[in-house]
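Just below sit the structures, each encoded as structure tokens.
Shared between the two complexes below is chain A, which has chain B as its partner in the first and chain C in the second.
Take a look at the complex of A and B:
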């Protein structure tokens, strides 16, 4: 048992404090470096630019791209997925040089290292380094792992097996028996069911709450509760309620004279249980968003519609819905992505680890951290990544979601 | 203005570095502590030489041992582990413990993850079949040279041996399933499966059940597989033989006692079975020796122990036997390794083995502790020992992992009424083979 003595407190403070100070010192050092290096680099890039002018921008872009890609490939090969360092690791300066060559022969080098962008780059530098260490490096490591057979039998020195893992995602069971496409389709089904119920349920509650009545604030508070409970806790509580013997749901079913349901071992009912839990969890968010949208619709529209003799349904169809669209579209997209990648509900409700209840993300988790087929799982993860990337691109194209940022 | 900004930045960075340097312990301090350790641990003749370098300071280096145990709180196991750790700290104040309880499966998963991340705990208190994946991954060390293994029961050692080496020090011998019954509801336990079904049907009324067991884990399936004359591996010990008549029969039997002649609850995991039995709402339970302590507390003299009933026309069911083991992560070295080795000897000392028999009702792994009069006189321990006679050692090879993973969903599918035993057995075999092919 550890006690919170002044000594322990002091030591923890010292550890945390020194880490924070190191980060601050590193950041400052980076800023100073960037500040001082930018001018000489600018001069250098001008010189390179003069030298390479005859090549033309197209050729230079192509060469620069090739050099950067070569540097990235080299880095991927250098990152060892096992415990022993990769034999290529000592060649990291080659990768660095390749990257710098790529950077400087690119026609945009003079812009990047120009005086005008010095301060912006200086300010971006810490974030850039942080992203490189925390996002790019793990991603490259993962990519490397996906080409190997990293698993408990090959824990320290996995072998390179090329694209075999990627082929096997589609040709072999991703878990014990279930193949990729059934899981994929189930995930889509799960997403559609949930989002439909979230939106319709949220809309119904929001319409009910969006009028003058007593205790409106109290109702709103009560209805928002599911959203305020941490998901894993809510899931575990729900799992308890689906217990065959002692769960609330089965007890109520028996009271009204129905047969109790095997929520945990029957695949269909387990999926239903997952959906019930997630619908309960997701409605409040939609309700809040839609309520906000409803309150921003000016009352004049409804007055005008009433004067024109529109029924309640017509008002809803032709006034409320169109004016809600700007709020509803991003909410639906968000809800779709969140439900697609929801881990807590399918994982915790599925107590018996039925493969028939796994969605893509829980299947990925089991493959990696329960069966420890890390190589297979890495390839599987990139396939899921590709699916989400495709979805995001289509979404951004359709809605022009990034227009404000890029133009 | 620019100059001012720069001065500020430079001043900040210098300040930060100074503070950071203050915050980190200086290299000298580290050296001193190391020397002190050596003084504590090395043989006498070197001590004199070290003493010249280090003035006074007699406190040994503090060691904190992070121990992961599969023992849970419900049956008193975790409390027992904690009491051992406290007792050890009382004798050696420089050694403190952080006891972490993890489910058996979680312990395996987390330890592999920790191994990959390179930050492992210092000692594992777990079951034998973890030795398979852990040695595959090269995460635990052989214990042959660290302990005098001749003092332990051979059967317990055998379940932790792989590739000619021993990978764990046994704490208890058994870990086997048996039939436990409530004497209020049953006078004499059933001897064969016909009797079991007969008595079970009489006892299943309203919210009371004849028999409960964990229907979600194949650990509860393998005794019956053995009872019908099957085994999960062929002679070579690593080729799965799951698509066999005995497996189909065993699955059919479990299906029958749930649907055809119902004597078990429709849905029942470990906790539900445990609760039903403790509340007296189940006449019989199939559970392991680890649960004996908890049931003794809950039921007292009403608890009876017997063999799992013989399969009519076949054999006694063969529950898997192994034991609980202490495994040493490969990362241990220096003072920590010595402290861990000493603690392991402490845990398996004759005194503490006797304490374990009394507290947890488990059979000891230490030969010297087998003569304990408690075992011969206690009906519960006698019953447990009697069940062990027909047990079979649980395989340690990592192929076993594939068998468990393959059996689990199929067993559940049969019990949910989704699959016929024939289809399930075939699917098990296929899944196990795929998994084993993936191991390499």
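Take a look at the complex of A and C:
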């Protein structure tokens, strides 16, 4: 047992503070290095450029691409999934040199190291290093592991088994009993149900709130509540309320003369409980976004539509919806991805009990952290990632939603 | 104009959904009724938590639906505050979260400016990469991050958590901030540049002050993400009870085998009140910033 004494406060302040100082010092060092190295590197890239001119831009891009890909492959192979370091680990300078060669061969090297772009690259540097360390490196590690049989039986020295894990995601149970496709279908069902309710519920509430009325601020504040509550608390509180005897859901069902429901042990009802919780949690976000969009639509559109004799439904269909699209499209993409990858709700409501309530993401967690089948889990993770990526690309293509956003 | 429909000619549907100035009293009552019911649904579970936290110890499990229990007591709050490690956990969360939120905002604010104002090789792939990190399922990153941290000796310390939290919200923050910067006219900075101000100080003195709402949102997002994170905290510091953040603690009160309802509810309320207050207070900014970023003006 430990209490909040000045000692405890001081210790944690010191540890957090030293970490922050470490990050700041690293950033400063990086920036100073970039500041002074940029011009020499620019001169160097000019020289290389002169030397390689005869090759032509196409060939240079191709060679540069090859060198960088080779460097990445080498890095992936160097990352050791097991206890012992990989035999390729001492060759990291080769990867670095390959990468640098690729960088300087490419025709854009002179642009990159031009004085004009020194500031933007310096501004990007800290975030870039952070993301490399905490997103790219873990991804490479995961990619490497997905080709091995890293699990409790082969923890020290896993073997390379090629694409076996990827095949087994689809042909063998991903957990102890459930196969991939039932979980996948359940996750899709879960996403569709939630997003449909989020958007329609949020739309209805936003339309109701988008008018001059009394108590508007109060309603809005109360309706935002579920979003404001930290998710773990909301989920755990809902889990408590789904208790068979003492949760308010069953008490209310009994008061109106219905049978109480086994929310925790019946797979179907457990899934319904998850949906109820997440719908409750997610509506305020959509409501807020749609309300913001509604308020940016000028009243003249409706006046014009009214003069043309448009009914309210026609106005909604032909004025409100099209003008909401720039707001709605990113919100729906984000909402879908967030729901699909939502971890808290399925995890806390189900508490890792019923395998039949797992969505892909909680199944992944269970496979990695409960059964420690890290190799399988890694392949499984990349399959999930590919599904999400494919969905987003298709959605963005179809709706043209992010057009111009990357320009 | 003879074809302007009078109020009587409108259909019922039309009368209901027009954001009108002249709503009929009946319609107004209906709208208020719908909003009141929705509001009750939105806050009822929270009120239940309050109610449970006020129950005396021998009546924690009851089938009563009364919101204020008969002999309400603050006993659970006393236990949580003075007999459990709960204050330590909250303090840990505050220290970690505020540090990481500030770092996250700084990283995102500078990078987003580069993305917004310059065309450079790697820009579009970079933005697409940032967007696609949003599709990584969270547990996917946990194993490698844990292994990386344990190789560097950062597990069971704050250090690993601080570093990891600082970066996790950066991609999303960059997108929001870039969208917001895009709406700020470049002419403002160009005028300053002509006056001989450096690019960096134009950013500092013109762009940053103008994007306070977006910065506030990004701070809030970073803060909330770290504040209510369970997964990373569980992976990194689960075995060191004194290092726990409040999420791990609250989860422990409601563990699988024995749920301490009173403690769970009281600690939830204590954690929730300041966060909800902050959130509701900043909700106006939140709305304007979120929509501005996506609509682009």
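The criterion applied here is as follows: the second predicted complex is superposed on the first by the 348 of 407 C-alpha atoms of A that agree within 3 Å, B and C clash if a C-alpha of one lies under 4 Å from a C-alpha of the other, contacts with A are read in each partner's own complex, and residues count from 1 in each chain.
Keep this in mind: a contact is a pair of C-beta atoms (placed from the backbone, for glycine too) under 8 Å apart; a residue touches a chain by one contact, two chains touch by 3 or more.
In this text, all values refer to a predicted model and were calculated from it rather than measured experimentally.
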| task | Tell me which partner A:164 touches in the superposition: chain B (first), chain C (second), both or neither. | result | neither
| message | For A:266 in the superposed arrangement: first (chain B), second (chain C), both or neither? | response | first
| query | Does chain B (first) or chain C (second) touch A:137, or do both, or does neither? | reply | second
| message | Per the contact definition in the header, classify A:155: touching chain B only (first), chain C only (second), both, or neither. | response | first
| task | Between chain B and chain C, point out the one touching more chain A residues. | result | C
| task | Look at A:228 in the shared chain and tell me whether it touches chain B only, chain C only, both, or neither; answer first, second, both or neither. | result | second
| Between chain B (first) and chain C (second), which does A:369 come into contact with in this model arrangement: first, second, both, or neither? | both
| query | If you stack the two complexes on chain A, which partner ends up touching A:351: first (chain B), second (chain C), both, or neither? | reply | both
| field | Which superposed partner A:318 touches (first chain B, second chain C, both, neither) | value | neither
| request: Answer with first, second, both or neither: which of chain B and chain C does A:208 touch in the superposed model? | output: second
| Overlap of the chain B and chain C footprints on chain A, listed as residue numbers | 1-2, 15, 17-18, 22, 245-246, 351, 369, 374
| Sites on chain A touched by chain B in the complex | 1-2, 14-15, 17-18, 21-22, 24-25, 28-29, 31-32, 35, 83, 149, 151-153, 155-156, 172-173, 176-177, 243-246, 260, 262-267, 351-355, 369-374, 376
| Contacting residues of chain C [partner chain A, same complex] | 1, 3-5, 10-11, 13-21, 23, 28, 31-32, 34-36, 38-39, 41-46, 48-49, 52, 61-63, 65, 85, 87-88, 91-92, 95-96, 99, 103, 107-108, 110-111, 113-115, 117-118, 120-124, 126-128, 131-145, 147-148, 157-159, 162-164, 166-168, 170-171, 174, 179, 199-200, 224, 227-228, 230-231, 235, 241-242, 247, 250-251, 254, 256, 259, 261, 264-265, 268, 271-272, 275-276, 279-280, 283, 286-288, 290-291, 294-296
| note | Within the complex, chain A is touched by chain B residues 6, 9-10, 12-13, 16-17, 19-20, 23-24, 96, 98, 105, 109, 112-113, 115-116, 118, 133, 136-139, 215-216, 265-269, 272, 275-276, 398, 405-406, 408-409, 412, 415-416, 418, 427, 430-431, 434-435, 438-440
| query | Inside the complex, what are the residues of chain A that reach chain C? | reply | 1-4, 8-9, 12-13, 15-20, 22-23, 108, 111-112, 117, 119-121, 123-124, 126-128, 130-131, 133-135, 137-139, 141-142, 145, 205, 207-213, 215, 219-234, 236-241, 245-246, 248, 251-252, 255, 280, 284, 288-289, 291-294, 296, 302, 306-307, 309, 311-313, 315-316, 326-327, 330-331, 334, 337, 341, 343-344, 347-348, 351, 360-362, 364-365, 368-369, 374, 377-378, 381, 384-385, 388-389, 392, 402, 404-407
